[in-house]
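A, B, C, D, E and F label the chains in the order they appear, each numbered from 1.
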């Protein structure tokens, strides 16, 4: 039994339908405690003051903003190479989630910047590359919306995702070269010496896991919706033939 | 010699099969006229044969780069003159029949006019003249005589006959009389795609979908 | 039992507020569209079954 | 292929002065900036290189949607697709024609416009180099965007939305090259990056564009 | 007439998210400026109001050529000309539709973008006022330019060339109003001028546009 | 009752007279078919009658807003549905015949399809349905049956007859048979504009130029 079996829409609908309650459960069991823990039960940090609490929404959102694009890239490649409809539709379903995650990272970052750096917005490379990522999400979604024929839209957005990924990475390097930033380095490394104290780290990891499950839940729901919408289109066409 | 063979072809537009099981073959020196009511899928079939879209199923065999396609739109540049338009397509196909093409389609008098200032029928004549400079054996024409007056239709029939006599072949979709009595006729109505329930072709997405779902 | 935020209350509450609102919006949009499409599909299939 | 290039150039010239218009737009953007930001020389000098690059980029952008749209509407694109030239070549030639009609005139005229913005003297050479190296990438990427949106009515804004983020690396390195050059700092890195991006773009992106066109025609 | 407005809006929305795209383009211009001119906050703050106005203007410009071009190509414009509505009304409604799909969203979103450019706090209110007063003039003037160039293939650049000089007064007074407002100076003069220009434009230019369309159709 | 009278009309295209001295009149309940070879000036004449361009000379009299014009281009919006397209034109003309128009041109089945996904003939049918919602007495049609199959041509003839029976009139340019046997025919060939040397019309600029000069 290969993983490609799930490329069959019916098989995917069945499996995802069975999986959904569990994923929803996992989301509730990780996200809620993670956020509550982070919000209510963490101490105030020396460097950040009470604003450290922002980290529990900022960092998970930022992490997934990037990783969802990577997931879309993989899904697009699978569509372009093996032409499995589910993966194209999954990429389409993921885009708005990624867009919202990027937006959350941007907004919380901006709000956080005000007390920490004294400005809402700074052209720091990391912030800048997030803004560009946001634009890529917008363009990708707009292209999907603009094209009527589903397979054409899948092909073109797939190509865009591919080219866009390369240029997103390039922009990142360009931005770093262009302006040395203010932003925090990676503190979440597994290297014990590097990362922040456990009191912050543990709820943060829980939040990230929670966001992850939330993403999976939403992805499944949205992909199912996209599959159904695609099915409606197919049926409507069939109706015309009769 | 057979120039074009179509076997059991299913063509689709907008992801939906419109014609299925079309088979015919076209030999050098022969012309075939496709007939069928509006919306049956003539344009779709011709575009598929021209290689502009992939067929859903079935096979098309022909010599490589054998087809010259002429569609509803003529591919003319309004700001170029009649002569320049033809020269461009001749250069693209690396042939040099501009003079003969102008003469055969009676465009001599209009040679230096900008395409923008031609009437509907004159434009069409220029579009057909383009076929003559492609140097390709199989003409695939979508309603070639739209807007043409009787004299121009005769001119067109003459051009087709000359092409057939030179060993070419022609496949044409039309609703009106082309004045080509020797052409064979193929009615597309029997090939209308059936819905999947009745055994028709299913899209890739639909394929495993029916029945099992919901 | 609200934790103590000091002078950063606005920053923190606004960040969390925006996040929760955006996430709630996303979830709501997902569920609403999901329900609507599901209904539409059901209607479509019903209609096609009745018609033939 | 030569025929295609010469046709495209001829069309650009006939359609109301092709070459001139890109320049004129560039000129207008450059003149409007002082109205927007105020006439102080030192502010202008500081932002000059950036504005010149931005102007070039926008002038480029504005002519993009015509790269394929006209050929698509009048059926030429269908006919080109069935012609004995690979679509990759068609796409590359279209990009080349676009560069010759928009990019090249900008490169040639940029020093003139730079005067209007009080660009510091040592920056002129670097402005030229950066535009010469960078604008081909703009044309090729623009062709890619145009290929994605061919067939969509009202593609203009969507096209910009798709293309502008792709322009970011070129813009950053281009403007940075001018700034560093003007200040006498080391220019190797941005120079190498700019050249590298352009070379890679010109070599690879046409395949994506050709694929997009083929998908759009079917 | 209501039918025409609602059709145009519907077309704008169907064609791939009409409203959003103008905004997205605005956002992109605002993002690219710092790449060009460098990230220093104080430089950006100084040019912010000008850049925002320029961005609005360019976003407007980019969607202009579609105002009549599509209707001309598919023959709708001929049919509208023979319909029982005066051409002046058609032109005005086209301008209104353009403003609703481009100008209005810009007005609403401008403060957000202003954050990115470090616009000083007191300027926000004036930015809003100036855009609200100024953008209708941009749409009406743009419609005039579009009317002049309808029927020309590749009108995009020519259109910009014709329209941009017409935009100069609006741009000057708009940007000036923001700057003065931000610095607490007297704002009556630019405010009055901006309002006056817009009022006169909206009242008179449609006649010119309608005449241009009629000439172009024959 | 005479709906349209044309007296001694000279029409021009690109500043050049193409037809001169055209006179005819069209009464309620009658149809007139214009014939003539490609490029004679049929489209130009019809556009002049529709008020899209001024005549060079001569007079056109008709009731104000009496003409519904249908040209080579149909004025359809690709992203709107068939129904929405018609509703728009009905709203513009402040009439409400959408339902009847759909029924008469056999567009019921396509009602909710986007115009982009219609075949050439289906688009044409929609273009003709638009005439029915204008509520205007004089139809001025340029090659109305291009791309239509036999059944649709009959449908069109039926619609014209109904329009005539309701007191309307129709003026049509065409090269092919419309199936309207009762229509009168006007051949435009005799009205072809003579060059100025032979007594033809002179442009305003030419007028004062000849004679005084050279």
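Just so we're on the same page, a residue touches a chain if its C-beta (ideal position, glycine included) is under 8 Å from a C-beta of that chain, and two chains touch if they have at least 3 such contacts.
This is a predicted model, so every value here is computed, not measured.
Peer 1: Could you run down the chains that neighbour chain D and chain E together?
Peer 2: Both chain D and chain E are touched by A, going by the contact rule given at the top.
Peer 1: Starting from the defined contact criterion, work out which chains touch chain B and chain E both, please.
Peer 2: A, D, F
Peer 1: Looking at A-C and E-F, which pair shares more C-beta contacts?
Peer 2: A-C
Peer 1: Please flag the chain sitting at the greatest distance from chain A, going by CA centroids.
Peer 2: Relative to chain A, the chain with the farthest C-alpha centre is F.
Peer 1: When the centre of a chain is set as the mean of its C-alpha atoms, what distance in Å lies between chain B and chain C?
Peer 2: Distance between chain centres, rounded to whole Å: 51 Å.
Peer 1: Report the inter-chain centroid distance for chain D and chain F in whole angstrom, where each centroid is the mean of the CA atoms.
Peer 2: Those two chain centres are 45 Å apart.
Peer 1: Distance-wise, how many Å sit between the C-alpha centres of chain A and chain D, to the nearest whole number?
Peer 2: 32
Peer 1: Can you compute the centre-to-centre distance for chain C and chain D, using the mean CA position of each chain? Integer Å is fine.
Peer 2: 41
Peer 1: Could you say which residues in chain C touch two or more other chains, in rising order?
Peer 2: Within chain C, the residues that touch at least two other chains are 41, 45, 52.
Peer 1: Return the residues of chain B touching two or more other chains; collapse runs of consecutive numbers into ranges.
Peer 2: Within chain B, residues 14, 72, 78-79, 197 contact more than one other chain.
Peer 1: Among all residues of chain A, which ones touch two or more of the remaining chains?
Peer 2: Only 132, 135, 138-139, 142-143, 146, 148, 178, 231, 238, 240, 242 qualify.
Peer 1: Flag every residue of chain D that touches chain A in the complex, lowest number first.
Peer 2: 144, 148-149, 152, 155, 158, 161-162, 164-166, 168-169, 172-173, 176, 189-190, 193, 197, 205, 208, 211-212, 215-216, 218
Peer 1: Hey, which residues of chain B end up touching chain D in the complex?
Peer 2: Residues 47, 50-54, 65, 67-69, 71-80, 84, 87-89, 91-94, 130 of chain B touch chain D in their complex.
Peer 1: Residues of chain D touching chain E in their complex?
Peer 2: So the residues of chain D in touch with chain E come to 11-12, 15-18, 21-22, 24-25, 28-29, 32-33, 35-38, 43, 46-47, 49-51, 53-54, 57-59, 61-63, 65-66, 70, 73, 152-158, 160-161, 164-165, 167-168, 171-172, 175, 179.
Peer 1: Can you list the chain B residues touching chain A in their complex?
Peer 2: For chain B paired with chain A, touching residues are 14-17, 193-197, 200, 203-206, 208-209, 212-213.
Peer 1: Would you mind writing out the residues of chain D in touch with chain B in their complex?
Peer 2: So the residues of chain D in touch with chain B come to 2-4, 7, 10-11, 14-15, 73-76, 78-85, 217-218.
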